[in-house]
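Every chain is named by a letter (A, B, C and D) in the order it is written, and numbering of its residues begins at 1.
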Amino acid sequence: MLKRIGVLTGGGDCPGLNAVIRAVTKSALRAGLEVVGIEDGFGGLIRQQFRPLNLAAVSGILPKGGTILGTTNRDNPFKYPVLVNGEKKYVDMSQTILDNLAVAGIDALVVIGGDGSLSIARELHNKGLRVVGVPKTIDNDLSATDITFGFDTALHTATEALDKLHTTAESHHRVMILEVMGRYAGWIALESGVAGGADVILIPEIEFQIENVVKKIEERCQQGKKFSIIVVAEGAKLGENLVVQKVIEDSGDPIRLGGIGQRLADELERRINLETRVTVLGHLQRGGSPTPFDRILGTRYGAAAVEALLEGENGVMVALRTPDIVTVSLAEATGVLKRVNPEHDLVQAAKAIGISFGDE
Amino acid sequence: MLKRIGVLTGGGDCPGLNAVIRAVTKSALRAGLEVVGIEDGFGGLIRQQFRPLNLAAVSGILPKGGTILGTTNRDNPFKYPVLVNGEKKYVDMSQTILDNLAVAGIDALVVIGGDGSLSIARELHNKGLRVVGVPKTIDNDLSATDITFGFDTALHTATEALDKLHTTAESHHRVMILEVMGRYAGWIALESGVAGGADVILIPEIEFQIENVVKKIEERCQQGKKFSIIVVAEGAKLGENLVVQKVIEDSGDPIRLGGIGQRLADELERRINLETRVTVLGHLQRGGSPTPFDRILGTRYGAAAVEALLEGENGVMVALRTPDIVTVSLAEATGVLKRVNPEHDLVQAAKAIGISFGDE
Amino acid sequence: MLKRIGVLTGGGDCPGLNAVIRAVTKSALRAGLEVVGIEDGFGGLIRQQFRPLNLAAVSGILPKGGTILGTTNRDNPFKYPVLVNGEKKYVDMSQTILDNLAVAGIDALVVIGGDGSLSIARELHNKGLRVVGVPKTIDNDLSATDITFGFDTALHTATEALDKLHTTAESHHRVMILEVMGRYAGWIALESGVAGGADVILIPEIEFQIENVVKKIEERCQQGKKFSIIVVAEGAKLGENLVVQKVIEDSGDPIRLGGIGQRLADELERRINLETRVTVLGHLQRGGSPTPFDRILGTRYGAAAVEALLEGENGVMVALRTPDIVTVSLAEATGVLKRVNPEHDLVQAAKAIGISFGDE
Amino acid sequence: MLKRIGVLTGGGDCPGLNAVIRAVTKSALRAGLEVVGIEDGFGGLIRQQFRPLNLAAVSGILPKGGTILGTTNRDNPFKYPVLVNGEKKYVDMSQTILDNLAVAGIDALVVIGGDGSLSIARELHNKGLRVVGVPKTIDNDLSATDITFGFDTALHTATEALDKLHTTAESHHRVMILEVMGRYAGWIALESGVAGGADVILIPEIEFQIENVVKKIEERCQQGKKFSIIVVAEGAKLGENLVVQKVIEDSGDPIRLGGIGQRLADELERRINLETRVTVLGHLQRGGSPTPFDRILGTRYGAAAVEALLEGENGVMVALRTPDIVTVSLAEATGVLKRVNPEHDLVQAAKAIGISFGDE
């Protein structure tokens, strides 16, 4: 029997989280359930940071970015840092979580998070937790869902930035470089590059040669276009310079491994006679009021997660298979990255209109 | 053999048209073709309003709304108005069009338009024209494609309007009504209503009773919410008041048949003790810089249309079957409206979080 | 001695009200005062709708439109409607207000409102109330202050609408008319018209002839511009058609007296061979997140109002005399409308670049 | 006699430049003058990059950022780099400019630029050039004018960024730092900080101690606010770390001397137990469609510059003395920086509502 459910957000923040929380709360209340908000991700489960969610608590949050529940990129409950005799040790707190939930009378959990958080949810499920996951990844790199919320808003922010850089590039005859999120998957760079009229798009999935970038810029100069726009994903590889190992799972910090933009600029300035400038978009991509698409998808996910729980599903994640919302098992849903296929229709369309990916 | 292609836009204007024109031009030029822009829709084919399109002509148009080629809701070439002895007569000018194209050396045509324009394209194709269609419908009511460009931008405009009306509604304890486009299909109302946090959504596909709307507003008052937001599609039916016949096919004018918003307000003010105000969004929904989604989809369509021509396809329309761009025959693509199914997952999600459609 | 102050918002809502409420609360708390929010304008003083305002209550409200306190265009305390034996009578409730304030220990009041609300504040001051006014007028028609908050946001909304209508006008070769707020003063029409690239601006202060508007449109056609943009203030006068008497002082409803846009369109369509379309901006102008200018001015006003009270000022209104915030007596501040002077530098600049006001 | 005038833009690009160019062109044409656009600043005068400007050339540019004429931060004509026997030498090209103008029949020049460009204009005027200046400074640091165009748009961009960072700060309990333009004058930081709800504002004009910043953050934690927002001008001084000499006059590059944001973050992370993240806004502040205010002010400036030339004025600059546009001599107008006075009313209002400037 389901009487009370909990909801938490884990990993980096993302526009649309509040839409999910609101839809979970509203639809659960209408179904006669009670709803408990868990603060600050999985850590809140350990530290018993619980608060009841009613209609008033979720009123007016739909257009707000971030998460009213708080979140964190840290606090893996299977390796939770505790001080023992002044020394930091990592211990497994999963049983504490199950106990805390039992004490609070929380029968099931909706976990909103990325690959990292959903993997934790899967492990907790294996230990007996009743759970439904909601996918969250601003990079759009989860393979089990067509797309998830947050990406469209990030795409808007990046496209708007390209629109802004365009006029400076043109006025000053400069090469303007925009570095965007995407360590392993170049979706934001690819889509914002097409939408923002970029001349060159550099992504982790397509290895590029600096000479090809130079060639494209020079080709434009010969056509009378004395400026160029480059969008580069933070994980794009300049020659042998490989991206370092992914250290923290599901981290929300977009610039930790950055620097490709500046290095690219340095290389280009040595090769061409145009001023080159870099903008690192960074945290701006995570903020802002969610776009309609993200609000709608978040709302659908939230309602679907509650419906899944009501129908007895467990250990699953809701996912978009256009135009439907479906459920997939957490085991399938986690651990597989969705990267840009160089043969993807959008890459081909981009090449057809003359955008260079630096690979030829 | 394909040497020179033409491109035209027909029907109401729509954000993303320029993205298509740009992609058609850029990809055709790269494939070694010449491109001719036809001004002001099918009328331009009759009046020989042709101009060459080169890279410079399409530079900088990606973020611009509308169409650089001009368009019109009139000028059906099969019923083209001409003055004969001072009297207006409607004549078939289709042969003139084929002749004009032959004289100009235009081997094939890309027609960007809605159901009306694509039907004309189909008929011209039946008379021998080599043509590929690109679907355009801001209302999202073409059944052969998942979605088309322009809709996402209109959705943004409507959602932004709802966000704005929200604060006035709340500050003044009013019922605010927003009337949006949608004579036969309520997609804009449905999606903007969910995204904008509406309390009531009224669409042509779901018959509503004014009493159910009143009930929802009163239910909110009892919960301490002394305001409500209603979004109504222009084609929603208030009781026996039916929408008049669709007179002009593919018309771009969103308010000709309007008035449901004001009539709804009058009915509500007679029944409840709250001030009620109406905003008719009208032409604002057609304007503005296209969203990234619409720019990308327009670009994909344009590149795909040229690719289809190059591969010898004819009499087809490009369409989105997520995540792919496909082609469908114009015969199949036209004449079937895509309307909101009341059982649609999004309608159900909306009801689950408490939005009323006035049907219960 | 000042220990506890109240704050209320009166008249139509307006972006920036929350910035004032926040600044009043934050600066008063820092000065050691208590702050009480009065709900729903002067009516809240009569009905004792009081609630304490602390830091948490004003957290996060700076970017929000509207007023967290609620407001109304009705409820004049000197003519307050009460039911006596089932009959509506209007009675003077001013003494009740003074009594309620005394009971609640509220020593002084900050009244945020337009000419109507400030006139009430002045009368209450004459009866002994300690009060400082903060000017609010989205139309920018208060003569005692250079400008006030809300106007800049409304100007943005109107300019953005003109940008959107521009592409439709150009694509369809239409005359697009935008009707904006401004019954007695044409500031929004004038400034948005210049910012939005309008061809014709029609305001209450400059009488226009329809023939001059036609002349301007035809002049443009001859220059190859087959479209025109007209912005018209709701109070602009078409020939002998005079605006009806201002009935409700300080009303927040922008469309009650509307209709000039549609009548203008009808007149133009009879005279020129171009399609003409009207958009009435209406309530959208009052909504939205305030612009930086409006947030800053609201913050300065709020801080200045508390400072004035602390320094013993009374019966005054804060006002912007660029670049300073000053105080002026409520007696001076109310009752005088600031209208556009046809000799104003901005009108002259507009004429110099070819914008028509229909007067020549 | 005035028959033909030239117009050029110098220094860093800035939203509103096109509004000035458009107003100069439109009002000069209406006054019967011819207009010549000079490309790429003063360098274009030397290299004879002239092109005629007619109505078509300035059509549709009002909402566009940047400058259609091109600009550069280099090319001082009094120290113009030329290659002599393969060696770079700096020569005085001012006479060449006067000769080129005479040959082209250009009687007078409108120079749109910042302190650097206007100083060059002044020197050229001293050598006989008929010139009117239009002030441009996105930093708002010209003392001879109340404000100039570009600043309001930059303020919007910075405020929007703060709105976006706010939700991440709150969701993750972080300190978010935004570094904005302002090497010598902190106007953007000050105004965006107040508008964006910053907790700490650090500007070049007010020396700050890191301890005071820490104190403010800790004070907020004690009030239950586990996050803080800091906006810092690029020229703010952290302890003894002084800004290096201004090398290039009137440079448009906002990040060359940057780094204060990152150094501040490093210092804070050593002192407090909160994650700290930095965003450098950089070139985004120069881009984008100008706000209504900037479009209007640019239009007024452009019309006023032509009017001044027509009335025989020479060696002057147009300036805003609210609400009027006046002219001041170039000699007066250049060389004096307008910095934030710590006693400024806005600084005091900010302190009154609890914003820290790190000085106490």
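Criterion: a contact is a pair of C-beta atoms (placed from the backbone, for glycine too) under 8 Å apart; a residue touches a chain by one contact, two chains touch by 3 or more.
Not measured: the values here are computed from a predicted model.
Asker: Suppose chain centres are the mean of their C-alpha atoms. Which chain sits farthest from subunit A?
Answerer: That would be chain C.
Asker: Measuring from the mean C-alpha position of subunit A to the mean C-alpha position of subunit D, what distance in angstrom results?
Answerer: Here subunit A and subunit D have centroids separated by 35 Å.
Asker: For subunit A versus subunit B, what separation do you get between their C-alpha means, in angstrom?
Answerer: Whole-Å distance between the two chain centres: 31.
Asker: Express in whole angstrom the distance between the two chain centres, defined as the mean CA positions of subunit B and subunit D.
Answerer: So the centroids are 41 Å from each other.
Asker: Residues of subunit C touching 2+ other chains?
Answerer: Each of 163 in subunit C touches at least two other chains.
Asker: Let me know each pair of chains that touch one another.
Answerer: Going through each pair of chains, those in contact are A-B, A-D, B-C, C-D.
Asker: Looking at the complex, which residues from subunit C come into contact with subunit D?
Answerer: Against subunit D, subunit C makes touches at 22-23, 26-27, 30-31, 55-56, 59, 62-63, 146, 152, 155-156, 159, 163, 191-192, 194-197, 223-225, 289, 291-293, 295-296, 299-300, 302-304, 306-307, 322-325, 345-346, 348-350, 352-354.
Asker: Considering the complex alone, what residue numbers of subunit A touch subunit D?
Answerer: The contact residues of subunit A facing subunit D are 9, 12-13, 15, 17, 40, 64-67, 70-73, 157, 161, 163-168, 170-173, 176, 252-253, 255, 277-280, 282-284, 286-288.
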